[in-house]
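Below, subunit A partners subunit B and then partners subunit C, in two separate complexes.
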Partner chain A sequence: MSERKLVIPGEIIVSEKEFLPGEWTEKRNDEIVAVRFGVAEEQDRLVRVIPISGTYQPRKGNVVIGQAVNILSSGWFIDIDTPENAFLPVSEFPRYINRGEFADVLDIGEMVVAKIINIDKRGIDLTIRAHGLGKVEDGLIIKINSNKVPRIIGKEGSMINLIKEETGCNITVGQNGVIWISGKDTEAELFAKKAIMYITENFFMEGLTEEMKRWFEEEKGK
Partner chain B sequence: MTKESNFKRPDGRNVDEMRPIKVKVGVIPNADGSAMFAFGDTVAIAAVYGPRKMHPQHAQDPEKGVLRCEYNMLSFSVDERIRPGTNRRSTEISKITEWALQPVLMLEKYPNAVIDVFINIIQANASTRCAGINAAALALAHAGIPMKNLVSSVSIGKLDKQLVVDVNKLEEDWEEGEGPTDIPVTMTPDGRITHMQLDGKISNEQLREVLRLAKEATKKIHEIQKEALKKSVETGGKE
Partner chain C sequence: MLETSKLNEGKIKRYLSEGRRFDGRDLNEFREIKIETGVSKHAEGSVRVKLGKTEVLVGVKMDVATPFPDTPNQGNLMTNAELTPLSSADFESGPPKTPAIELGRIIDRGIRESKFIDFEKLCIKEGEKVWSVFIDIYSINDDGNLLDAAGIAALIALKNTMVPKYDEEKEKAIYGEHDRKLPLAENMIPISLTVHKIGDNLLIDPLKEEEDVSEMRLTTSGFKDTIFAMQKGESGTIESERMPELLELAEKAREKVILRIKEYL
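So, the complex of A and B:
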């Protein structure tokens, strides 16, 4: 097996003995079987399935983009597209804020780029005390399926850098599938959105970065 | 089956012939996974939400996730309007659907969570629970829930002494001879049964024949389900 292949739960991916079962696969009598709908991939005899659908599963360390939905005396509740809202305490804000100033700094409805610092049974805790995190200023917010985020970023950021270069926009991708595009004008932002949408539609394609280079050339020729 | 092939079904089908099947995956953009499944005039749509945190908290299971199914027939799905909402029959079918799907789901990966499956029958002409289970299995796979296998469901009927695959309303109300017997069966593609019901009477030998027919039919359904799931991606989620 060399190329990527779309698999459904219960489908046999390979039936040779020398392969090992990786993520979302199972070994059943020398056969490697997919247990999740996705794209099967083989690397160094390890077979795994990359999911292409489903809900976002938050992980510690993920950078996400969310919307402030409530203000409490100790911080903000942020909707990051998880079943439970995440909490951003004031102590995790980069500077000191007076009581009553909360809404001036981050009002309900405003978006924020944050990092998950802790997940426990009480909920998810966020921070914005790091480089690149903070309130979303002007720009465009789009939402894609969180399982397609790795394809938008590409190998070592190759894809996202290509889009940034070609469109001249600054793009922040949240692991929850929310993307913030900010460019010099709306036209550039919409162009970047179009490129991202093209990737999500063709995410299973091989050599996608090359294809995107071609796509940009074609779009610019118009 | 020389003797049996002379049997005339009301709609002219062969005894082992199902009604034309229509499948579409991703019919509800708002859901995490969704599918439509139709056996001829019987149309079911299923939507999956989750896994998400179970509320109320006392219903949570710290060892594995919970599957919650809701089967519902829309008031206009049958000739005479039915009262909308939960009734005795829909409660039973909801539970049956849960039991039919649970064996293939790997719920242990989602402790304290719940997966909600909503099945709506928008048009009914018998075999609605089978169409519902088929749609739900597809919707669960589409929602990225880890599963050991897909399941496919079909109803086998006994009209007088004759076994037929995929009964419709006319056949369900068969009045000649021994009358009708309806046996909905759900199977994995390797022929393991996850659900079987019997409404009527049947002999041991004939039940074996029922399972053979069901195995053949579910295999065909599985192929259609597989194709539909793969097609949902190749069209880029839109059509």
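So, the complex of A and C:
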């Protein structure tokens, strides 16, 4: 097995003995079988599947983008595309807020960039006390499958930097698949959106960053 | 989950007031329509319609039934819509909810009130046996404007429907054998078309994100300058002075749609 391939659950990835089952695979007899829909790859004889579908699995430390869905007396409920809503306590706001002014600071329907600080049985806790976090002021919000986020960012951010450079937009990618694009005008933002959508459709391609360079040249030639 | 945010709503509205849309279309422009007929082996008529990324499947099934007491010499029509959970994050499995019921009823009313199907020709024996026409609508993917996609699909499916032969002895339909097409009105094509109002702008064929922020929609089923049925949706209003503008937009769009789907009619 040399190159990446798309697999579905139950599909045999390799049937030679010398391979070992990795993430999202299992060994049946001498065969390594995929248990998730995704891209199978092999490294040092270890075979693993990178899932490309399914819901977002929240993890501590993830930066996510969510939408305020409810205001309580102690903070906001934020929808970050997880089964349960996440909570942003007012104490995690960088400044003091008077009671009754919550809606002025972050109203229902508005978006916020936040970081997950804790996950337990009660739910997910968020904070916006760090650099780069806070309310989404202006721009465009798009949603992609969270499993494709690593491809949007690329190796050490190579892909996202390429898009930022080519479109001149500021892009914040939430680990939950929500992306905030903010550029000088709507055209630039829509161009960035188009680029991101092209990546999500060709996520399995090898040398995707090179392909995107070609894509940008082609699009700019138009 | 994650409805179109206020941020995007403002952006869509501002862009629309400049007369532009996110996908580069004009306000009165339809997306590309792709049609594939005969997709179901067992239905009497079937079609798959793609409107950009929106996709619907419509099947027409026919059966022998007893007529309703108030129309003893006319066939029956039943329209049913199912919004499948896979087609959108907003749809869930279970009993049909308001959007699915509304979709079915809008399509049903448009076809029924236009007298597109000649129901008297579907009578087998007055007061006892008539043909029943079932139109089943399934959403495959929802990227906005399922209403118009379903309307176009229902129309083409009916045009492709063959009436099964009737077994006089057993008083049952013989499926798989046909002798005639569904009796339809000649020279009339009742297209249902929806105009949306976002901000002060009227537009047709909205994308999902535009549909999410739509303040008012009006579906009119009509042909040329005749309107057979109407349905208004969403909570917003429209000024009576703007109604002529809306109806003209719908009428022109209908003409264009007919030109594009002509070869399947």
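Operating definition for what follows: the second predicted complex is superposed on the first by the 222 of 222 C-alpha atoms of A that agree within 3 Å, B and C clash if a C-alpha of one lies under 4 Å from a C-alpha of the other, contacts with A are read in each partner's own complex, and residues count from 1 in each chain.
Heads up, the rule we're going with is that contacts are C-beta pairs under 8 Å (C-beta built on N, C-alpha and C of every residue); 3 or more make two chains touch, one makes a residue touch a chain.
As the structure is a prediction and not an experimental result, all values here were calculated from the model.
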Which partner does A:F37 reach: the first (subunit B), the second (subunit C), both, or neither? first
Just subunit B (first), just subunit C (second), both, or neither: which does A:D185 touch? neither
More residues of subunit A in touch with subunit C or with subunit B? B
In the overlaid three-chain picture, which partner chain does A:I52 touch, first (subunit B) or second (subunit C), both, or neither? first
Quick one: is A:E210 in contact with subunit B, with subunit C, with both, or with neither? Answer first, second, both or neither. neither
With both complexes overlaid on chain A, does A:I141 touch subunit B (first), subunit C (second), both or neither? second
How about subunit A: which of its residues touch subunit B in the complex? 6, 8-11, 24, 26, 33, 35-38, 51-55, 83-84, 121, 147, 200-202, 204
Subunit B residues touching subunit A - in the complex, by the definition given at the top: 32-33, 50-53, 104, 106, 112, 141-150, 188-189, 225-226, 229-230, 233-234, 236-238
In the complex, the residues of subunit A that touch subunit C are 67, 79, 81, 107, 109-111, 136, 138-141, 143, 178, 186, 190
Given the complex with subunit A, which residues does subunit C contribute to the contact? 1-3, 5-8, 11, 14-15, 22
